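Shared between the two complexes below is subunit A, which has subunit B as its partner in the first and subunit C in the second.
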Partner chain A sequence: MDVKAFLSKSMFLGACLLSTGITLGILGFMLVLAYPLFARGLFWEMLIQPWSPGQGLFGVGPMITGTLCIASLAVVISIPISLGVACFVGIVHPGGKGRILKSVVEAMTSVPTVIYGFVGVFLLVPLVRTLFSGGSGMCILSAGMMLGLLISPTMILFFVQSFTLVPQNHLDAADALGANTVQKFFYIVLPWAWKSMVTGLILSFGRAMGDTLIALMISGNAAAFPESVLDPARTLTAHIALIIAADFDSIEFKTLFVCGISLYAMTGFGVVLARGLGQRGRA
Partner chain B sequence: MEPKIKITGLDFYYNGRPVLENICMEVVENTITAVTGPSGQGKSTLLMTLNRLWESIEGARVKGDIQIRFGQKFQNIYDPGFRVSELRKKVGMVFQMPNPLPMSIYKNIVFPLKLTGDHKQKDAAFRVETALKRSFLWEEVKDRLNEDARSLSGGQQQRLCIARALILNPEVLLLDEPTSSLDDTSGRMIEALLLEVKKTCTLLLVSHYLDQVKRIADKGMHLSRGQITQEW
Partner chain C sequence: MASPLWDRAFRLFAWGCSLVLMGAFLVIIGFLCIKGYTALTPRLIFGDTGFWDAVLLRRQVFDGLFPAMAGTLCLIMLSIVLAVPLGLSTGIFLAEYASPRVKWFFSLVFDILAGIPSIVVGLFGFCITLFLHQCFFDRLYPCLLISALSLAFLVLPYMIRTTQMALESLPVSVRLTAPSLGATQLQNIVYVLLPAALSTILSGIILSIGRCAEDTAVIMLTGAVATAGIPKSVFSSYEALPFYIYYISSQYADHSELIKGYGACLVLIFICMNLFVLSHFLKKRLSQRLLFRH
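Take a look at the complex of A and B:
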């Protein structure tokens, strides 16, 4: 092996080891800081308990519920938007109009989250308040809609990328047999691309779970188990942002590590699931 | 011998560059008309103008008149009222490389019927069998219809693609170098198959092989720089 090849290989290996080390290091760091909670048997209780400091209850159950509700709603809202745009860009008009639209979508990925938050606060929240005539309008529905919009560009680009994996000769065969666009999508594109699309969905779900600012600005931040989509809720990330200023030795502060480990576990599970599907897709 | 296809003053442009210029030709019904010529001279493009498959190519434009006789009446295939999906059911196409879909042999053949909504008809299985028999494939696959079509050999895959095109009983079949990716034996089998198919269908064949053209074509034409330079 020549020197250049050896150096390149070592550099890539080093980068892999470093990124893996940092990822595992963060998990280790959180586990170490959360150790007192594990030692006192509080960790598992905190996962399901309500948040009521007045009663000595510091559970993050409402935050886990809020996170899952808002992220799930965001994905549900985003799927039809993303699928429609991706079909237009990737199948109906791959050139011309589709290319322009794809550029717009790509530009949307670079819009700072806080802009989405502002739009949510000044446009969406009053609209939800007016339409459903109750509360402040800061609720799971508002946050879910805005997060749905936020994750759509990622999902669209993932879907479009999935469509490009469909071999051109399959599309040619369908075209030559007289398939229309809808038939081509359902009979050729979807059976070929669905595994990759599901991977995109899972990763977008992770993106929705991990977002802090939109949830913080428009979900209402009530640390209680929500009962409907019009109820305010607090996400794990928003909880971390709100509690970070608490005294380091307080039990409130320790809940940050429960939140961090929960988020880590949920996103990790999503990534493993996505990888598993990807592997099955290649098999 | 009645004409099936009449092409008059056909021009084809790609990004403003002419690919076909003033093509005028007639194709007689139930014959094999071969188009020969060097690579990149517009042979495949000529086929694509006959089923409008070029329309998905960005920057492509066509000018001129193509009339195909369906029944007793000639129809301009670029007439806005003539649906492209209908055209492609009547004008089938087989490509240079076999392109079986990633599904079973049976599902591949029945796929065109699925597109027309006829795949659940009682005679669907019979039509599959007939198409496979017409393409000389039935005996080889009748016991493995549920196997993945991609497990077939190259020659078998190409015959499968012909069977798939034949199940809708097209009136015209366009063949873009259908034997060029196959060995000699498979190529000869396809030739024999085309001679059978021409009894019920009009064939337009693009081929590089002059000996093949001499063996099976009723008429031939040479295409060079987008123009027909020779006919025989």
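Take a look at the complex of A and C:
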């Protein structure tokens, strides 16, 4: 191996290690900065405690609940719609109409999040306020609906991608036996594709959890445990955006790292889970 | 489930869901167009300043989107310049040098990086600023450079993945010709594989540009402010289009400002859609032509 080849290889390896370093560094930095909380044994308590600075309680329990509620609602809203659209694209009209719809869905992925938030504030929130009279309209329901719309394109593309894993000769055989679309979907497509569809679901859930702007703009940001879908709630991501201006040495500021670490841990766990499923699906 | 009724219901379900989604999408775009089309004049961007005065930086633009657009442009260029070399090299390493085991480990790491919420990346950038401010340069505050760096971290996994995918999906015939003629691995990568994969890699870069243009969470933590004018250096704070939209939605003073917010939304959508179409076009059409030219 001559010098040039060696140098270039080490450069590429160096870049790879640097990128890995960044990934681990993000977690490491937050762990170091949250160390005082670990040292005093506050970290685990903070995950479930309520947020009431007046009583000296700085737990992020409400934010974790809010995040999970809003993200789950978004996924629950998004699943049937995505499934229907994916069936339209992949099974019912795989030709012309389906291809056009798929392009539109792909284009939807490029709409900025802040736009969804903006439209949410000025269109959806007043609508929810009038429909369910009471409250400001900024609630879990509004945020969940908007977030559901945001993650639908991602989920649809995942579903369509998993439908293409079904071998064509199985589909041809079903056609030859005279199966209709429902039978084709339930007896052939689903058994082949469900694992990779679950992978898509997990990753979409991660995306819903990680979104900041929609939750920040239209979920109301009340730092209390929500009791119904019409209650305002604050997500972990919005909490980070709201508290960032606090004094650096204060305990409020330290809670940011609790939020950051929990978000990192939850999305990272989702990725590992999705990969595990994917690997077994391929074997 | 053999009855035609089920088949009908299934088709109806697929049609219904598609119509609901398209309807929601059209409502969003339509709502913005109806509310914001009156704002779409040169005044929206340049305010009372003339076009050439603004573009040549002779006079400052006060009540237009021009500073925000300039800020977004600087941000995009800086973060792409930071992210491309790193992302490309990492992608090349994964596709061409790494053994399957090594590849498995690193792609898991980069999947995790891709999954990290953007606000956490922003928090990281903010903490780095804080750290540097306290330990090394006490005149460093959240600024354009820090934002660009954080955005570069955010788009890095996309760039790595598109490069890796583009190289791995090249046909074996393309991959083996140069080595069989005596080329080294490096020559093969530089002269054959990279040019052949160029259009896919470019489309990945353009998608990353779109991510940089739209992301708000990172920049609101690392230096975007409501009024700053054109960024003077990489160490100054700056305005950005998505942050402006966020700011207007919560702090608008009167109706005309709100209308400007709608206009800004339309401008941002227009930019992002164009980037998307460009990337789509590059991936679909040019891949064939570029493959055969080299």
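Throughout what follows, the second predicted complex is superposed on the first by the 267 of 283 C-alpha atoms of A that agree within 3 Å, B and C clash if a C-alpha of one lies under 4 Å from a C-alpha of the other, contacts with A are read in each partner's own complex, and residues count from 1 in each chain.
Rule of thumb we're sticking to: a contact is a pair of C-beta atoms (placed from the backbone, for glycine too) under 8 Å apart; a residue touches a chain by one contact, two chains touch by 3 or more.
Since this is a predicted model, take the numbers as computed values, not measurements.
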According to the stated criteria, A:Asn180 is in contact with first (subunit B), second (subunit C), both, or neither; which is it? both
Which partner reaches more residues of subunit A, subunit B or subunit C? C
Looking at A:Ile48 after the superposition, I want to know if it touches subunit B, subunit C, both of them or none. Which is it: first, second, both, neither? neither
Just subunit B (first), just subunit C (second), both, or neither: which does A:Gly260 touch? second
In the superposed arrangement, does A:Ile188 touch subunit B (first), subunit C (second), both or neither? first
Touched partner set for A:Ile81, first subunit B, second subunit C, both or neither: second
First (subunit B), second (subunit C), both or neither touched by A:Leu131: neither
Hey, what residues of subunit A end up touching subunit B and subunit C alike? 180, 183
Given the complex, residues on subunit A that touch subunit C span 4-5, 8-9, 11-16, 18-20, 22-26, 29-30, 33, 80-85, 87-88, 91-93, 101, 103-119, 121-123, 149, 152, 156, 180-183, 185-186, 203, 206, 209-213, 217, 237, 240-241, 244, 248, 256-257, 260, 263-264, 267-268, 270-272, 275
What does subunit C use to touch subunit A in their complex? 1-2, 4, 6-7, 9-11, 13-18, 20-22, 24-25, 27-28, 31-32, 35, 85-87, 89-90, 92-94, 96-98, 106, 108-124, 126-128, 130, 153, 156, 160, 184-186, 210, 213-217, 220-221, 242, 245-246, 248-250, 261, 265, 268-269, 272-273, 275-277, 280
In the complex with subunit A, residue positions of subunit B that touch it: 51, 53, 56, 58, 84-89, 92-93, 95, 97, 99-102, 111-112, 114-116, 161, 164-165, 168
Could you please specify the touching residues of subunit A with respect to subunit B in the complex? 94-96, 169-170, 172-180, 183, 187-188, 191-192
